[in-house]
Amino acid sequence: MRKLAVLTGGGDCPGLNAVIRAVVKAAYHHKIEVLGIRDGFRGAVEGEFMPLGLSDVSGILPRGGTILGTTNRDNPFAYEMKLNGLTQVVDRSDDVLRNLRERGVDALLAIGGDGSLNIALKLADKGLKVIGIPKTIDNDLMATDQTFGFQTAVDTAQDALDRLHTTAESHHRVMILEVMGRYAGWIALYAGVAGGADVILIPEIPYNIDRVALAIQQRANQGKKFSIIVVAEGAKPLGGEMVVERLVSGRFDPLKLGGIGAKLGNDLEEQCGMETRVTVLGHLQRGGSPDAYDRVLSSRYGVAAVEAALDGEFGVMVALHGRDIVRVPLIQAVDRLKLVPLNDPLLLAARELGIEMGD
Amino acid sequence: MRKLAVLTGGGDCPGLNAVIRAVVKAAYHHKIEVLGIRDGFRGAVEGEFMPLGLSDVSGILPRGGTILGTTNRDNPFAYEMKLNGLTQVVDRSDDVLRNLRERGVDALLAIGGDGSLNIALKLADKGLKVIGIPKTIDNDLMATDQTFGFQTAVDTAQDALDRLHTTAESHHRVMILEVMGRYAGWIALYAGVAGGADVILIPEIPYNIDRVALAIQQRANQGKKFSIIVVAEGAKPLGGEMVVERLVSGRFDPLKLGGIGAKLGNDLEEQCGMETRVTVLGHLQRGGSPDAYDRVLSSRYGVAAVEAALDGEFGVMVALHGRDIVRVPLIQAVDRLKLVPLNDPLLLAARELGIEMGD
Amino acid sequence: MRKLAVLTGGGDCPGLNAVIRAVVKAAYHHKIEVLGIRDGFRGAVEGEFMPLGLSDVSGILPRGGTILGTTNRDNPFAYEMKLNGLTQVVDRSDDVLRNLRERGVDALLAIGGDGSLNIALKLADKGLKVIGIPKTIDNDLMATDQTFGFQTAVDTAQDALDRLHTTAESHHRVMILEVMGRYAGWIALYAGVAGGADVILIPEIPYNIDRVALAIQQRANQGKKFSIIVVAEGAKPLGGEMVVERLVSGRFDPLKLGGIGAKLGNDLEEQCGMETRVTVLGHLQRGGSPDAYDRVLSSRYGVAAVEAALDGEFGVMVALHGRDIVRVPLIQAVDRLKLVPLNDPLLLAARELGIEMGD
Amino acid sequence: MRKLAVLTGGGDCPGLNAVIRAVVKAAYHHKIEVLGIRDGFRGAVEGEFMPLGLSDVSGILPRGGTILGTTNRDNPFAYEMKLNGLTQVVDRSDDVLRNLRERGVDALLAIGGDGSLNIALKLADKGLKVIGIPKTIDNDLMATDQTFGFQTAVDTAQDALDRLHTTAESHHRVMILEVMGRYAGWIALYAGVAGGADVILIPEIPYNIDRVALAIQQRANQGKKFSIIVVAEGAKPLGGEMVVERLVSGRFDPLKLGGIGAKLGNDLEEQCGMETRVTVLGHLQRGGSPDAYDRVLSSRYGVAAVEAALDGEFGVMVALHGRDIVRVPLIQAVDRLKLVPLNDPLLLAARELGIEMGD
């Protein structure tokens, strides 16, 4: 093991730089060279590399984003290119292998979520030595207890709930916070408990609007003339058609044009007659400095990935199991998404706290 | 001077509790009683009062919201009531005067923005002894250098810009943050400078979309493949019809259904071909703990209002002039809104920093 | 199970209020009454109780401290009393049992660390139905993966390191941060990794001052003219006499009069000739709003304690094992302190990151 | 005006990078070159310069510290040098002038406090074109309403007070926070009001320990079994000898070895019998990201300094007067320190709030 390459793929996530720094520091410790690949798999295809030494990663631990750049589109197996003025989709995975081979790279560390790790797995199938590092603020990746970036996203959402709380109470309003989570409700669940939400709606539990309205009404009857609702962007009403599809026009993020939060607010105003306000947290969840938890987790992942490379164990992802970092087959990570199970201990605790889950 | 009443009117604003606390503490110091009025002018009409002693304001300095409650609707001069099943609008200003008189209140301290202070002024015209305290996150109140709540709103917007910055840079994107400011661009201007925005668009300067696109293009030409734009909710394109009116349906806040930020994002994607993302900060700007600056300013306003009462000077608003708190006639405060003048020193400095203002 | 009592014992810790709130909410859910005991075991001896309903815990989730009050001195088994003008130490544990019995309390939930849980265990031996909830910012309690309050303390220490970092770098200095941890180095280890420390010194690994000086020297040789050191208050030099004992005079916290941080700074200035500055974080680690992680953990502990009571399982402590909350015999928790083992995975990772541990 | 040089002198201060960035951006706008000088006046003497372009200042706005480095010792007029193995003090101010002249620098922008601006003034007397920019967290510089860095230091101290508050209240303790301010009590005064302190002790008002004890006692009598005290490091008891001198040994910062905070704590424990805890905030006040207020102020100062250079106005300092940035003769700034006057409006307001000032 003499040379590693590292790339960051997919959407922004707090802790990317912390992983890169840990990879470089641990590699330095073991006298291994590191090459950074620019802009995720695009740089791997196009051959854009940069050497990464200690001075390149100095001071980046607290910074959001990634010094390597990233995209959440370019897939070497279906790479968009302009050929003769036309956009074509081409398999350029061989270019990735060739670029790495030509630079003497022994193994690739791919920091990414579902999408990037799937690509990594397919490259592994073609013979590349690959190690995955689990990244997503949504925490919906299988085979690891937690991805880095999630805890910081929860902090951000909880901070937003703290802010909305005082306004809700002073103005006797229903305040709705729409958080990320297209398929899995982890951010909504954790931030909702941490932020003292009265109602938490997640994609895994289609919600009954009458139950939600009843919970708000019961609070009002107890003299609590306000309520706080956290709703995951992927939550949906029982049997209901999705508002998101209806409103989306063009390339914009559906959230911005009024997603489930807006629909929920409208429906509740009609049913409860209480003033309702909706805030869509959006990209604020992806940026900013990683919190201490994520800096530790990211650093551990980076170190563990280098160790796996040293041990010659490839086609795996480093993963958190309890208090340990272990290695799991990449295939397990990308097999399917990790949804909130109905017997999740925090979900059950939320119910005991009297939080309405919409069912 | 033996008894003061205090109320908080209008939208939520960091520092309301700090003012209430300062009023009660300064009044205690001068052996004056304080009555709190619940829910702004609604409580003044309906006669809902609560005595406020030192123990009632203990620990509230850092808390957002108002322990008195507030509304931004009820106007004693045009008070909505259900009479015989019909909603009627009635002048109940006499009830306010009677309620205060019956409880032996010598003067009313009204903490509020444009709307609440206008009501206070009309009550003063009817003979009530009134002192105003300038509150609005928008900082668009005349006759004072700064309202409390503004600096904290700027902090919140700046923090959001910091978060968006790393994502923009890592993903080579244009990130747009829509902040409050229907008529005045103060939050956008201050947060934009503090957050290192490349473009700031405010209601006072109708923007030329071509100028904005050019600024982004020029950055790209210099190798900066990302840009940060702050846009006040009330900003508008040169000669353009406003998207806000077009999209609003029903009672929801226009911001939530895609205001100027969404339009701007759409237009820029078309013109520049760069990926654009919009975040609407919304109510997050109104809540949360006031920062040190606003806690000091709020405390000074509260003390100064009690002093004005002691001096028997009514029909005035306490105001910040330079480093001093002075008293100005209420009429000056509500005469018209304080917009960003084209020769505002920070606006001129922003231009020197190379920030594109859209004109 | 009809009535529970709850008390908070020992030093301040972020999350106390979150546990109390969860206990009350979960008890309400199961139609159980809750009595709060004032000021830890003092109130249990003196019979100072207060009923706790939903309204008493409304809004306390984000607040530091404890609404019940606490002391870290009063032990019912060795209770200091003034009798005939003399201070005597008396066993008043029977008063605790009687007070609880007279109020119809079925079981006691004791939120505390080592000391309080030891008392709880001895009360259990006398027949009291007791359930412990593990609290300490130091995280040095056996039988649980993590205590609540620890993560927030780590956040605080990491934030301090971030601040010191820029000063160290700009001024070419060695900055030392002394954090809590008399016996165990958990805060130093986690905050040190999260804050990018170059040296971490913990009580479990007596440090060789020459190794520390060498690490700083090597950085200087690489052009890094600054270093960041985190030292736990209980760290000690190899074979060295402890400075703390020497400096302490009277009742003051040793930290304040110059503990190990000051000694280390002095020694390093002599050995390296670099300017060194010491900051003692002290009580800032104990206060403030709990972070999202601790709010979730505290809430889960509170719910789990009520569930244990409902299941009739006493003499236990609720504990985090991996992702689950389990019940462990109280005796396991107070048997001995949980120190950082030499094969702790984060300790090993820290070494791989090139962090000097002083050995 | 074709080329400017800029340096940062003295202790660390949030906003240094923001000023540098603004200087470079405004200079770019006016097609002026900028040279950065490394490590304050040391680099000016030694001739260590670096060109500063837009890319050098990209992303530094939110960062603490200074990319130029700084020292708070090197004075060109009394420069320490090793000559023949002996340390000698030499006047090397001519080297500064020569170095700047040789590089074609038209004027020097000196960002610093009292010390650095004094040096700048003496260089101006020798014919150098100099413009000063007022930096100090202590805010004790004459001729400007506010220095940059002060507001952020107040934020940090206020945050510490918020943390100590909950512990004080839960544990019925007196918590003392020692903040910076050797000669002037600005940080203590502003942070004390913002953090809800019960007692504020500043250097300008020698304190009577009996008054402080009485204030704490009166609170206890009202059922407030805790108190919060902010003390500036330079505060001193009436007629008392200073503890600082007594305890200092060697090169360490006196604060760290128990300064006025420790003495005060000891004295109060003896007089009141209440448990007292002392926290010394120290260097945490100097580091970290500048807040929005300081980023705006720093940016304005940077722009204004470039404008002054363009206008050919030298020997001046840019200063905040009310809402405007003006130019004042450098001599006014360094004439003497700006202490808190006894009729300072915030000091008077603090008294009205019932805060004990110790006199």
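Which chain is which? They are A, B, C and D, in the order written, and residues in each are numbered from 1.
One rule holds in what follows: a residue touches a chain if its C-beta (ideal position, glycine included) is under 8 Å from a C-beta of that chain, and two chains touch if they have at least 3 such contacts.
Predicted model only: the values in this text are computed from it and were never measured.
When chain centres are defined as mean Cα coordinates, C lies farthest from chain B. Of the chain pairs listed in B-D, C-D or A-B, the one whose interface repeats that of A-C (more than half of its contact pairs identical by residue number) is B-D.
Averaged C-alpha coordinates put the centre of chain C at 34 Å from the centre of chain D. Chain B and chain D have CA centres that are 31 Å apart. If you average the CA atoms of chain B and of chain C, the two centres end up 41 Å from each other. Contact with two or more other chains is made by residues 162, 165, 169 of chain A.
Taken chain by chain, the contacts form a single closed ring in which each chain touches exactly two others. You'll find the chains touch as A-B, A-C, B-D, C-D. Within the complex, the chain A residues that touch chain C are 22, 25-26, 28-30, 54-55, 58-59, 61-62, 145, 151, 154-155, 158, 162, 165, 169, 190-191, 193-196, 222-224, 289, 291-293, 295-296, 299-300, 303-304, 306-307, 321-325, 345-346, 349, 352-354.
Residues of chain B that touch chain A in their complex: 8, 11-12, 16, 39, 63-66, 69-72, 156, 159-160, 162-167, 169-172, 175, 250-253, 256-258, 261-262, 265-266, 269, 277-280, 282-284, 286-288.
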